[in-house]
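Structure first, commentary second.
When the chains are written out, they are named A, B, C and D in that same order, and each has its own residue count from 1.
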Amino acid sequence: MKTKNFLLKEAVFPIKNGGSIAIGGTALRRHPMAALHEIIRQKKRDLVLFGTINAVDIDLLIAAGCVKEIYSSAVQFDNEISAYALEKAFSEGNIIFNQQPKKIITEQFRAGASSIDFIPLRKSEIMEGNKYIQKLVSPFNGEEYIALKSFQPDVAIIHAHKADQYGNVQFDANRSLEDDIDIFIAESAKHTIVTVEQIVSEAAIEDDPANTVLPASLVDAVVEIPYGAHPFSCDERYEKDSSHLEYYKKISKEPAELNKYIQDYILGSSSWYDYLNKIGMARLLSLSSRQEVSGNA
Amino acid sequence: MKQSVNNVITADEMMVFAASQLFKDGDVALVGTGLPMIAAYAAKQTHAPNAVLVFESGIMDAKASHMASGVGDFPLVHGAVKTSSLFDSLSLLQKGTINLGFLGAAEIDAYGNINSTVIGDYQTPKVRLPGSGGANDIASMAERTVILVKHQKRKFVEKLNYLTTPGYIDGAGSREKYGLPGQGPEKVITDLGVFYFDAATKRMSIESLHPQVSLEKVIEETGFEFQHIPEEIPVTEMPKPELLQTIRDLDPDKIYINK
Amino acid sequence: MKTKNFLLKEAVFPIKNGGSIAIGGTALRRHPMAALHEIIRQKKRDLVLFGTINAVDIDLLIAAGCVKEIYSSAVQFDNEISAYALEKAFSEGNIIFNQQPKKIITEQFRAGASSIDFIPLRKSEIMEGNKYIQKLVSPFNGEEYIALKSFQPDVAIIHAHKADQYGNVQFDANRSLEDDIDIFIAESAKHTIVTVEQIVSEAAIEDDPANTVLPASLVDAVVEIPYGAHPFSCDERYEKDSSHLEYYKKISKEPAELNKYIQDYILGSSSWYDYLNKIGMARLLSLSSRQEVSGNA
Amino acid sequence: MKQSVNNVITADEMMVFAASQLFKDGDVALVGTGLPMIAAYAAKQTHAPNAVLVFESGIMDAKASHMASGVGDFPLVHGAVKTSSLFDSLSLLQKGTINLGFLGAAEIDAYGNINSTVIGDYQTPKVRLPGSGGANDIASMAERTVILVKHQKRKFVEKLNYLTTPGYIDGAGSREKYGLPGQGPEKVITDLGVFYFDAATKRMSIESLHPQVSLEKVIEETGFEFQHIPEEIPVTEMPKPELLQTIRDLDPDKIYINK
């Protein structure tokens, strides 16, 4: 079987300027940050992004000038504060932000994953002006429904726990939380890139086939990237890096400082490992600890 | 760092208590992180032991004794009877299984409509808000909803900058016209009082004010006229000391309340 | 929390003559046989049945005179031989059999589980004469799709491995095969009955919440019935009883013998345990064995 | 009970061998139990190691070395890279991931259309067949399909009692008219020979006959006229002894072949 194990540079390379990308991860969990850094380094432009609940992931791509349009339920620091680069770009008219309720977005990814072009939903929306929603009359009972246009982006990128080199992807056993959405996201795209914490042997996958969430036939590239979701969490492997997230929130208010952040941490890093070195081992390892790390430990 | 117990109740604690009283035993509630989560646990530990708490991330009926810092956090899983997905939990709204939901608001109008999209013009906003998240789904589909919001004039407005999430829209009959299955907001709970919606007009009215809160203060912080103000305004019921202690014990590190 | 643990008699009682029932299980796995026996004993009539791939389960209900109409992809002994009672009733015009491709049926259950009234599917069918399929034009791109009417039966009955008394239902860890269909089936109905091999404590459920497939809020009754799928298999707990299935195939060719079977094994059994006694412990336990059982052991 | 190896190839073994030769390395095939499963494993163990075998029950890429007796059986799971659901495996057809599928037939016509519903009139049939199962989905959606069927006059008919599963329907252009995504049946493999469909008319034609099979016998057992019969009819290629042994080793208990 053909290996699909690529370097991050190679995996991200097929993304085209003006192309559409679905980004895995939800809220503060498992956004594929390493891959997004590489997209910024490769200076992709005019991207159309699809996501569920987004945060620093999309904000960074906006700040780096990669984004033309967004479909997401929110790009936020917390329930009350929008991400600043998004807010700035939006208010300056530099991006189009199509904000849609979460439920609608999850249905749109699911429909895309099933390769159907739309899906009906019980009417739950005031839908004026939303170009991804149309009225639809049931051919059976004549009642009115809403039709949601499916998301079928060019490329999807998700971050998972492990995969073999052929692209059979698994989550750890505690896989049940929001992960289904990541599977829908992965399956919705024409080309699917999966970054993983670990590349494992095919035998390890075969030991536990019930935990495989994506078979190789639906995956185009796998890349091993430890801590690949930092500063977000990766379930029980590591927690989110709250202090780095706070730091980002602080500096991203000032465009000049945000620009310096992108220079220092992304453009100025030759690889993801270079970035991890800047974060530092003590910090990274503390994220996996169940104990509070004291002082400068 | 735990602080010693203080007998003066805070505004956050009043909101949590008032929200907890709206739980009926057996409710299936979709609960977000923050004050609603504390209220839900307090209700479940007291008068509504059979309430089922569903978290948006897919965790069903969690019994965590300490607070998680986010909806996807794993501490919540312990004691849960089911973990599934964001997709599954939101599907329960569509199925009509969820009968109680909680909403926050950046702006709210007299009909309980919510703006969480923009302050200013939609195309050229002054402030861009985080957006609807799952609120629209909850507001549209859950049988009953409760809105928790800080009572400030810039939030309680006559006209929203943008209608993100429907309350009673233009008044009585509007939800039916738009075909929204849920019954609309039942109460609004703020740091100043508890509010309901008049049956005939569906405009916000005063139910009770919290202890020490004056009507003048509430009117000053509200940008629209209430439909109904009782001649003698009731004072919101206070939690018994044990219940106040329960609420404080749920969030000893003040992650959500009194932060 | 309210217990939902009922006796089989009580659990099946709400089924009405003329009502519609979805039956879990696929091919030779996990049909809820004990519950179907009880339906026969309670002499339910004019039922409309929904299933995926069916066999002796539906054939017995037909032979006992309970059935008016069927929606299924097949009611068969194997890939080449239809079940005999079905064949006889159909040829005599006593039942309506709406036979539909499996994929369509799974989508119809899924749509029912989502409480939507129809679901679009890419055109894959010659659909003349199928009243559950209509043409539908996409409101987005104007292309033609087919709309499938969802299955939303009155009652669903599935057989699972375990549940607590409140109705939180789990499959064993190896839950991944066709089980998803049973979940869709369970969720599609207004009233859901789950028979399980074991009632377990709520603490056991909470130990492994990721394996819960149905939360209590979607279940109306749970009944503990060991070997409740016999003569079908229940995954790794026990294999199908091939010799009993062969026996049924043989006798069901003759209406008189089939009638005697129903008398002896179902109407003449006061309970499922009575039936199991007739099958015999040696046979039942051999089904859980990984070794061949020799002779009369 | 294993029997000693016999060098005379049986009709089942010829069918399995011929079917196995249609696998291309890298094919993603939806495989049912029975002869196609043996053919698939034989191909995977020889010239198509990278073929991915998907079972309808949701088992992906199983590497079982002995045969399971049903599609849902657990022996198949060992060595699989993924187990999922009937729903998932059938969804792969809709997604276009499956590029090879196998079909059986109770009746087949010259255009490769299949009846698996009734013999006799639909409303008052003489024999009620088990039905389509997943065949219609495979026939409609899979890029390439192969039909395996015993060659008997009552099965190879001019006019089907009922069209359950579409082949080329009324001939060239019909599949396109009905909008069926798959390309239609590539070959028909029987115990007598291998058959293809003429490019212009889409009617069945003779490609090769198995050793010892006469044209007369084939014509006698076929209820319609072939579009094309080669002047000099090729004899179907025979498996090398090692491959024949591989096929026999896959089903030592003769569950599916030579039963």
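To be clear about the criterion, a contact is a pair of C-beta atoms (placed from the backbone, for glycine too) under 8 Å apart; a residue touches a chain by one contact, two chains touch by 3 or more.
The model shown is predicted, which means the values in this text are computed figures rather than measured ones.
**Q** Please state, in steps, how far chain C lies from chain A along the shortest route of touching chains.
**A** Minimum step count, chain A to chain C: 1.
**Q** Count the C-beta pairs in contact for C-D and for B-C, then report the pair with the higher count.
**A** Between the chain pairs C-D and B-C, C-D carries more contacts.
**Q** Between chain A and chain B, what is the gap in Å from one C-alpha centre to the other?
**A** Chain centres of chain A and chain B, defined by C-alpha means, are spaced 29 Å apart.
**Q** Counting in whole Å, what is the centre-to-centre distance of chain A and chain D, each centre being its mean C-alpha position?
**A** Distance between chain centres: 42 Å.
**Q** Can you tell me which residues of chain B touch two or more of the remaining chains?
**A** As it turns out, chain B has residues touching two or more other chains at 59, 77, 83-84, 91, 94.
**Q** In chain C, what residues contact two or more other chains?
**A** Answer for chain C, listing residues that touch two or more other chains: 115-116, 121-122, 174, 176, 209-210.
**Q** Pairwise, which chains touch?
**A** Pairs satisfying the touch definition: A-B, A-C, A-D, B-C, C-D.
**Q** Show which residues of chain B lie in contact with chain C when the two form their complex.
**A** Chain B reaches chain C through residues 26, 28, 49-50, 52, 59-61, 63, 77-84, 91-92, 94-97.
**Q** Could you list, by residue number, the parts of chain C that touch chain B in their complex?
**A** It is residues 1-2, 114-116, 164, 166, 168, 187, 202, 205-206, 209-210, 212, 214-218 of chain C that touch chain B.
**Q** Quick check on the complex: what are the chain D residues that touch chain C?
**A** 32-34, 56-59, 70-72, 74, 77, 83-88, 90-91, 93-94, 104, 106, 117, 123-137, 140-141, 163, 166, 169, 178-181
**Q** Give every residue of chain C touching chain A within the complex, in rising order.
**A** 115-122, 134-136, 138-141, 143, 145, 147, 149, 173-176, 209-210
**Q** Tell me, which parts of chain C touch chain D in their complex?
**A** Against chain D, chain C makes touches at 26-29, 52-53, 72-76, 78-82, 86-87, 90-91, 93, 97, 99-104, 106, 110, 121-126, 144, 174, 176-181, 184, 233, 235-236, 240.
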